[in-house]
Structures are given as C-alpha cells and as structure tokens.
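Both complexes below contain subunit A, partnered by subunit B and then by subunit C.
Presenting the complex of A and B:
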C-alpha cells in the first residue's frame, strides 16, 4: 500500500511539495498543536523544559492578572472605535473619489501611501507631533491652543489622550487598504442600475441606499471582518507610539501581553503567553462568527 | 458608459474636493514633517518652542549623524539581506508547491490542498510562541537563519500562484511531454515566464512585508548586530541619539522609509492590484 502510494510519478509530485510541507509542518502545524499543549502545562520552566502538572491554572492566572485585563480593555476600546470609524471614513472617501474625474489617480496614490510605510518609523513622527516636552508643546498642542484649547501630553498624559492618538494613528494606518477595496467595489457596480434609477427620477440619496449600498455590501462586510481581526491584533503601532514598555504606559494590547509574557524583562512564561494567545484566538473567532451570521441576513450577494 | 458618472453639481463638487484634499493633507503631513525636521539643525529645532512649518537653513548634518552615531547602515544591510534571502527562498518553495497543485496528478492532492488552505486562517500570534522556543532550542537566536526560516511560509501566495498556473492551457504541457521535456524544465521554461506578472506582484508584496516586519525580529534578536530597521528605529527611539536629538531621529526615519516609497512609486499599479487581490493589513 505504502509502496503503491509513492509510485514513481506520485513520488515526484511529493518531492515538489516537500519544501512547502517541511516549512509549514515545522513552523505552522506543529506550533499550532504545541501552543495548546503549552497552555495546559502548569509551571513550565523554559530553562529546564520541565513542568509540574497539567490543568487550567495558566488561564485562571492571566484572567486574574490586572495587566491582562487592562490589555483586554484597551483592545476592545480600540476595536469598537476604529473599526466602524475607519470603515465609515473609507466609504465616504471612496464615494468622493468615484464621483470625481480630475486628480483621481493622484489622490488614490496619495491615500495608499501609508500602506507601504514602516509602521514603527511613521509612528515615531506621530509621537513627535503629539508629544509635549520641556522644549516644545508639539505641533498638535500648538494647534489646540490656537483654537483656545488646553494643551495636553498625548503620549505620556491622561488615558483618554493616549487612546485618542492610538485610535487616530490606527485609522491612518488601516485606511489605505479599505479605500482601495471600496473604490474598486464602487467602480465595478454595473452602470445599468444607475441609468435605470436616473430614468425613474430617483434621488441621489435613495439611489445610494437602494442600489450602491446593497451592491457593495459584500465588500463592506469583508472589510468589517478583516478590520475586526486586524484591530484585535493591534501591537506594532502601539509600540511605535508608546515604546516597548506598554504595561507602564497602561496602553498594552492582548498581543502585546502575549509577547511581554514570552520575552523581555517580564518574559520567560510561554505557558501564560500561550493561554493568552488562545483566548485572543477564541475572541476573534467568536466575533468573526457573529459577523458572518449578521452578514448572512443583511448582505446582498449577486 | 461615462454618462451616469456626470460630475456632481457645483457646491457638492467643491465640498467633495475640499474633503478629499483635507484627507490628502492628513496623509501627507507626517511625511512632510519628517522631511522638514530631518533637515533642521539640532540647535534650531530645540530653540523652536513653537515649531516652524519651514526652515531657511536646511542641513544634511542629521543624516551624517544618523549613520555615524547609531549603526543605521548595519540595520539597513541586515534588512536587505533578510529581505532578499527570505523572498528568494519563498519564491522557490511556493513555485514548486503551486506547480504540484496546478499541474501534477497524485493521490491525496485534494486533501493536502484543503489542509494548506485551512492553514491560511491560522493567526501568526498563535504559532509565534512555539517558533520562538524552537529557534531558541536550535541555538539560532541572533542569527540570519533564525530570522529567516519561520518567515518563509506563505500559504496565500501558493494559492495565488496555483490559480495563475492553472490558467495556462493544458496543451502546452502535453506538447512539451511529447517532446520529452521534463516537468522541472517545463516549469522553468514555460510556466514561470508566463506567470511572471503574478510572480513580480508576489515578490513586491513579500518585500514590503519583510522590510516592515517587526514582531519576529524583535523576539528573536537582542544583539544589535542583527537588528532590522524596525527594531533599529525602536532602539534609536529608546537609547539612540539621546532622547532629545529628534532631527537625527527623523533623518533615520526618512532613510528607512524612502526605499519602500520609491518601490511603491515605481510599481504603483502592480502593488495596488496585488493588495486588492489578497493583501490584508488592518
């Protein structure tokens, strides 16, 4: 049976697949199983690679860890604010883009720019724009005081100010992808529908609600789902703004917590990291399923 | 065809352009600010309590500082090595795999393909923990193999390339078989050249991904000699020039951002097309 299975041409085909299978096996399939094993091994010591027993202690530990709870809270706030906001703004911009002819391709190019930039590098620029130091209040604070507002340190100041910068930067980073997807969705709507609506004398707004929105609804839901997944995994933009010690800045995210547990000054606990990563995965999976259920009812697939 | 898109009425059109321009400014301003700050001298930057929107005495001193007082050149070189090797190995791996799925017939093909597809849904955060332990056990921390090996796998690109390979007519393959061409030769002489546009797109997307990768390099390197640009910039931020030398910091940021921006401007169409076909970020 085994011999027959790998008969000449079969064997050759498997040879072509072998490199991919080796890489995926070692760095994806095995880790996937292993992470569950880790998460149930109690008191794992990474130096001696021994553990005391198995159970759910790791989960109960992180669920009682104030840093984890802070990270969950931050992540949820970030998700709830940025996903609807970025999708909405992207829709507005895409509608604007498709309604004009002049400068369209120039604007499209500009809007896409953040996608190809290094999140860490540009995050540093945002930090400087928002930061208040002894030498200077920073540009944003200057603008604020110009309009009669109080200056505030957005990087090391109050919680809401830091959260504001984080949300702003997140939206800035994720918009290019959404604008790109929505613009191409809008331009692929069959003009026949618009012409019919115009013949019937339908108002612009009604045309948008009745024709455009249903036609692009699959893409909007695609963006909402990927947006949720992406926002739940926020990490490097947070590091870019607030540095690597996110717990001290009260700005940690779930992914940040996982990496902190794994490595760095607070690291060396792969079991806690695994438990946190699995909880994150469970949250993301649940929300994605809810999204799919909702979209089944509301999305128009032609 | 163009009819339905008649330009909107004047007031609406002005508002539309105003809002679009506003967002364009929000997008471009950070880039302008980093360029501007990078050519301000250290003393003039620090004497501006209210930051100025222009400078009359631009200097390139900050760029010299960026390369001399921190190993920025080293970071760039590391990133280049990492990007080139990772992308090259990935291209070989995915081309062979996509060929097997698209062209060859063998038992268990469908099952393996479904397994591959389902791996696309596995988030990186879930596997990174074990990979960290694996690489540490292999004694590969602070080394290029440790950086590169786990970064190679890309199931999505196998899928993308397979779809492309399948569009090549079967007749070509049978004709080549009659001529006695081997599979490998057929793959290299016929399929790869025909699929060049897709391969270029995949290469560019992977290069962007490599250039910007932060999480894995951070976990696996703590020796400055192996830092990539993302880790380098974080290091510069935390220790670098002394926290206050912001102009030099911005010079480093410009140097790191420029290669990708040039790549983008050259391959604009290809990149946007490739991303809309399958990139996900945010």
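Presenting the complex of A and C:
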C-alpha cells in the first residue's frame, strides 16, 4: 500500500511538494490542531503543561463573557459595513478611472499611494483628522464646528463615533488594493462586447449590469471573500486607532479578544483564547462557504 | 433600405513621434448600396474595410462626409440608435449568457412603443434561431459551440431585431474551408429570405464574388471600383483591381504598343488598333491562353500541374513580371511536358492593357 502510494512517478511530485508541506504542517496544521485541542482543555497552563479537565466549559465561558460578545458585535458591524462599502466605492472609482483618458495613470498612482504608505504615517494622519487633544479638536471637528455642528470626540467619545472612525479607516486602507484589482479586471474586458452592446442599442446602465458586472464577477468575488476574511481578522488597525486597552474602549475585535486572553493585562488563559480562535475560524469558514454557494449562481468564469 | 455614403472620410490622428501625419483609413468614399442587396466590401488587409463598416455602424464617427439610411441623415446618430445589426469578426457573443439570452439581448433593449411582450420576444427569438438553424442549441453557452455554430448565433442576434442594415465583418475568417463554403451560401440564403440590405466585409475575393450582388473594391481607403462581380472581373478599372480578382491571379507582362500591334518581348501577340504607341502593362487572365503550335506568344516550358477538370501550364517569359506564368487549359488538350517551349495564342477579351504610368486600363 505504502509502496503503491509513493510510486516512482509520484515520488518526484511529492518531492516538489515537500517544502510546502513541511512548512505548512509545522506552522499551520499542527498549531491549528493544537489550538483545537486546547479549546477543550479547561484551565490549560502553558508553563506547566497541565489542565484540570476536558469539556466545553471554555466555550460556554467565552460565550457568556460580555467582552467577547462585544468583540463579536464589533467585528460583525465592521465586516458588514466595510466589505460592501469598500468594494462598491472601489468599483465606482475603477469605473471612473477606466473611462477617462487624461491623467489616468497619474490618478491611478495617487489612488494606489495609501497601499505603500507606512501604517504609522497613516495613523498620524488619522490622529490629525480625528483626535481631540489639549491643543486642537482635530480637523474633522474643526470642519463640523465651521458648519455649525457640535464637536465629537471620535477617539474616546461615543460608540458610534469610534465605530465610524474604525470603518472609515478600514475602508480607506483596503481601497487601493481593490481599485488596483478592479481597474485591471475592467480593462481586461474585451471592448468588442461593449461595441456589440452599443450596436444592440443597450443603455449604459444595462451594459454595466448585464455585461461588465458578469465579466468582472470573478474578481469582485475574490475581493469580497478576501475582504470578509481580512475584516474578520481586524486587530492591528484597531490598536493603532484606540490603543491597547480595547475592552475598556468597547472597541475590541475577536482577534483582539484572543490576544488579550493570551498576553493582555488580564491574560494568561490559553484555553479561552483557543476557544475564541476556533469560534472565529468557524465563523469565517461558514461565511466563506455561504459566499461560495452564492457565487456559484452569480459568478461567471470564462 | 438603401445606404448612401457621401464623400466619407475618416482620419486617425498620428500616434508616436516617428509617424507624422494622420492615417487616412477611408478617403472621400462615395457610393450607394441599393435596397435589399448584398454588397461585398473587398480589399487587402489594412485597406480600411473594417473602418468603413464601423463608420456605417456608427461605432466610429467620420471626419467628414455623410451617411444616409434611406433619406435620413444618420451621420450624427450614435450606434445604439441606428438600428443596425453587426456580426463581428470574432462574433462577440456574450460568454456568460446562453444562446437564447444572447439572441434575446437586443430585444430586451427596446424601449417605449417598441417594447415587446415576453411572448412576442420569445417568438422572435425562436424565429431567428430557426432561420439560422440553431433551435437545438438554445440553452448552451457560446463556449460550448463550434465556430460555425457561434457564427450562426451571432447572425441570429444581429437579425432578431430586424435591422435596417446588416453588417458582417469578415464573418467567415474563423471557419475552416468546407464550413466557409457552406456558411457563405447560408448567409446568401438568409439575406435573400429576409431582404435586409447587407454589407459584407472580406479580404477573400472568391468569397465576395460568389455571394455578392455587387462588390466594392478598395485600396488604401480609396474606392477602386464597384459593380457586379463578373463586370468587375472582366473589366477592371486599373491594374490593382485586375491583380486582386481572380484565382489563379492574372499574369502581368511588360509590353508595348507599336503601330497598332501589342508586343510582349519580341512577339507581336495581338492587334490593338486604336491604341497609340506606348509602354504598357499587359494582363492576361489564366483562362486567356490557347495552346497553339504556331501561337504568337512563346514561353519557356516550366511544367504541368493537373487539377482534374483543367490542367495548369507553368511557363516562363522574360517579359513577365511574375516569376512564372500560369495558364489554365482544358484537360483534353495534349501538352508535351518535356518540350523546351510552349506557344500560345491569346483570347483578345482576356487580355487587358494598362498604362504604365497611371496603371489605368486602356481599352481597345
């Protein structure tokens, strides 16, 4: 059996696959299994490698932990708002970019700049925009008061203001990549289809809905899937905006919760962290499966 | 509906530093396509045929000149409102839609008073599909069809809204030889059944001549000649037209007219009374040679190619501008392949004279 499996012709292929298998196995598959095991071991201690017992207590604990529920809520709000919004805005900008002739490459470069800009610099910019300090209320608040509105503390103020900043930031950060992908997808559509549609008397809007969208649907689908996964894993952006004490700021995310359970000030609970991580994994898996099912009907691969 | 082109010109602006000056793709083109006829637009590649078609379709705007459909000036009308059907060279079927949806697509675009009920649309789709004989392929995607089937779908899509004018851009170039022959007859049949004025672009002269009511020959954006295929073949206006039409191509000699006689080399081959003494190009169609022992034109024997119905004699002459001369003779005649020379008499109506400077036809 073993011999048959590693037949001569197969041997070479397995050899080629070996580096990837080893690395993925050590750094992806083994930890995944390990985390899965930890999540069912109560009170696991990584120093002494001991635990009290096994069972689903870890899951029931985190599901009753208000901080975890807050983190799940935050993450879902972030995902549901930013993924469609960023993809939609990126599509509009890409459509604009492909339909103009002059300054096209200049604008393309400008739209891509955020992608290559340092995160700290971006953080600084957002601080100038939104943060209230002893000296200034931030640019947005200045604008708000200029038009007669009340100033809002976006960084330490009400929940909706903070969520707004987080969504704004996330959309802004993911836009360049999406624009890049979508402009190349749009320009790869053979113009002969647009000519055919014009000759058939198709309106601009209908051409977009019936021809452009289906033709670039694989790329849109790719962006939505990776967008969902990326947004579910949000953490570093939140830290950059609101600092490390996210539970106090009510702005924690699931990944942030996992991190806090491991290394935070109240941390040292690898079992709870593992359970939360597995739940996140289950959520992402479910959403991706739903995405795939939806895509089967609506995505056209040529 | 007749289509009239008046002084149509299309210039493309020069691009890059090396090419100065505009590219004139269509130059001062004037002709009329009669109602309900099939016109073949013919010319070598790069002569502006497709530009011409795009101008008629409205996908391109002319630099100057007018286009009329019937009595309506449509020059400024965009493609979406011209009501034409266009079959693209690579068919441009929407790959994500089924055959049925592809054919239905133009009908769904109709608005206002032209809007059709679902049943009426379905009926039109079925009728169009029947016309091109693809009823059994309705639920397939274009990717699952052969080239010939895709071509039929493209024609059905162009025909379903009953266009005023049907334009076909090299519709047969993606098909194999046998299918091409069959499809061109199909196109002819469909055109006759529907009676839609049709313009057909091709670089294949045989294709154009066989199915067109009229052919229009163009070169470098300039109209060379138009007329019924046989007329143009028999009476080409200039050397280019003579060379372009006919397989095997016409044989061109350098000759001169002296005292009412045409000389090819030293051989006086024909009486050409009325033509002044001058240097000429002599074009002789392959079927214009008669095998004759005492023939006036003497050529060095090159070989004999048997083609079944006919035989083709390949010979050489110093005055010939082509390397070899090809003459088609009935296979009943006996030819000695090993002879050093072969002698021909010429059929006067298959001999065409052209001015050496202007390359224009000289009649005699």
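What we mean here is this: the second predicted complex is superposed on the first by the 272 of 302 C-alpha atoms of A that agree within 3 Å, B and C clash if a C-alpha of one lies under 4 Å from a C-alpha of the other, contacts with A are read in each partner's own complex, and residues count from 1 in each chain.
Everything that follows uses one rule, which is that a residue touches a chain if its C-beta (ideal position, glycine included) is under 8 Å from a C-beta of that chain, and two chains touch if they have at least 3 such contacts.
Source: prediction; values computed, not measured.
**Student:** Specify the outcome, clash or fit, for subunit B and subunit C once both structures are aligned onto subunit A.
**Tutor:** With subunit A as the common anchor, subunit B and subunit C both fit in the superposed model.
**Student:** Does the superposition put A:235 against subunit B (first), subunit C (second), both, or neither?
**Tutor:** First partner only, subunit B.
**Student:** If we overlay the two complexes on their shared chain A, which of subunit B and subunit C does A:115 touch? Say first, second, both or neither.
**Tutor:** In the superposition, A:115 touches subunit B alone.
**Student:** Given Cα centres, how many degrees, to the nearest 10, is the angle at subunit A formed with subunit B and subunit C?
**Tutor:** Nearest-10 rounding gives 80 degrees.
**Student:** In the superposed arrangement, does A:300 touch subunit B (first), subunit C (second), both or neither?
**Tutor:** second
**Student:** Identify the partner contact of A:198: answer first if only subunit B is touched, second if only subunit C is, both if each is, neither if none is.
**Tutor:** Both partners, subunit B and subunit C.
**Student:** Go through the superposed model and pick first if A:125 touches only subunit B, second if only subunit C, both, or neither.
**Tutor:** A:125: touches subunit B, not subunit C.
**Student:** With both structures fitted on chain A, tell me whether subunit B or subunit C touches more of subunit A's residues.
**Tutor:** B
**Student:** Would you sort A:166 into first (subunit B), second (subunit C), both or neither based on which partner it touches?
**Tutor:** A:166 contacts neither subunit B nor subunit C.
**Student:** In the superposed model, how near does subunit B get to subunit C, counting Cα atoms only, in Å?
**Tutor:** Nearest C-alpha pair, subunit B versus subunit C: 7 Å apart.
**Student:** Which subunit A residues are contacted by subunit C in one complex and by subunit B in the other?
**Tutor:** Residues 195, 198 of subunit A touch both subunit B and subunit C.
**Student:** Can you check the complex and tell me which residues of subunit A touch subunit B?
**Tutor:** Subunit A reaches subunit B through residues 5, 9-10, 12-14, 16-17, 19-21, 23-24, 26-32, 34-35, 38, 46, 86, 89, 92-93, 96-101, 103, 107-122, 124-126, 128-129, 133, 135-139, 142, 170, 172-174, 177-178, 180-181, 184, 191, 194-195, 198, 226-227, 229-231, 233, 235-236, 239, 243-244, 255, 258-259, 262-263, 270, 273-274, 277-278, 280-281, 284.
**Student:** For subunit A, which residues are in contact with subunit C within the complex?
**Tutor:** Within the complex, subunit A touches subunit C at residues 190, 192-193, 195-203, 206, 210-211, 214-215, 300, 302.
**Student:** Which residues of subunit B touch subunit A in their complex?
**Tutor:** For this pair, the touching residues of subunit B are 1, 3-5, 7-8, 13, 16-17, 19-20, 23-24, 26-28, 30-31, 33-34, 37, 46, 48-51, 92-94, 96-97, 99-101, 104-109, 112, 116, 119, 122-123, 125-134, 136, 149-150, 152-153, 155, 158, 183, 208, 211-212, 214-215, 218-219, 229-230, 233-234, 237-238, 244, 246, 249-250, 253, 256-257, 260-261, 263-265, 268, 271-272, 275-276, 279-282.
**Student:** Spell out the part of subunit C that touches subunit A in their complex, as residue ranges.
**Tutor:** 57-59, 78-86, 88, 90, 92, 94-96, 105-106, 109-110, 143, 157, 161
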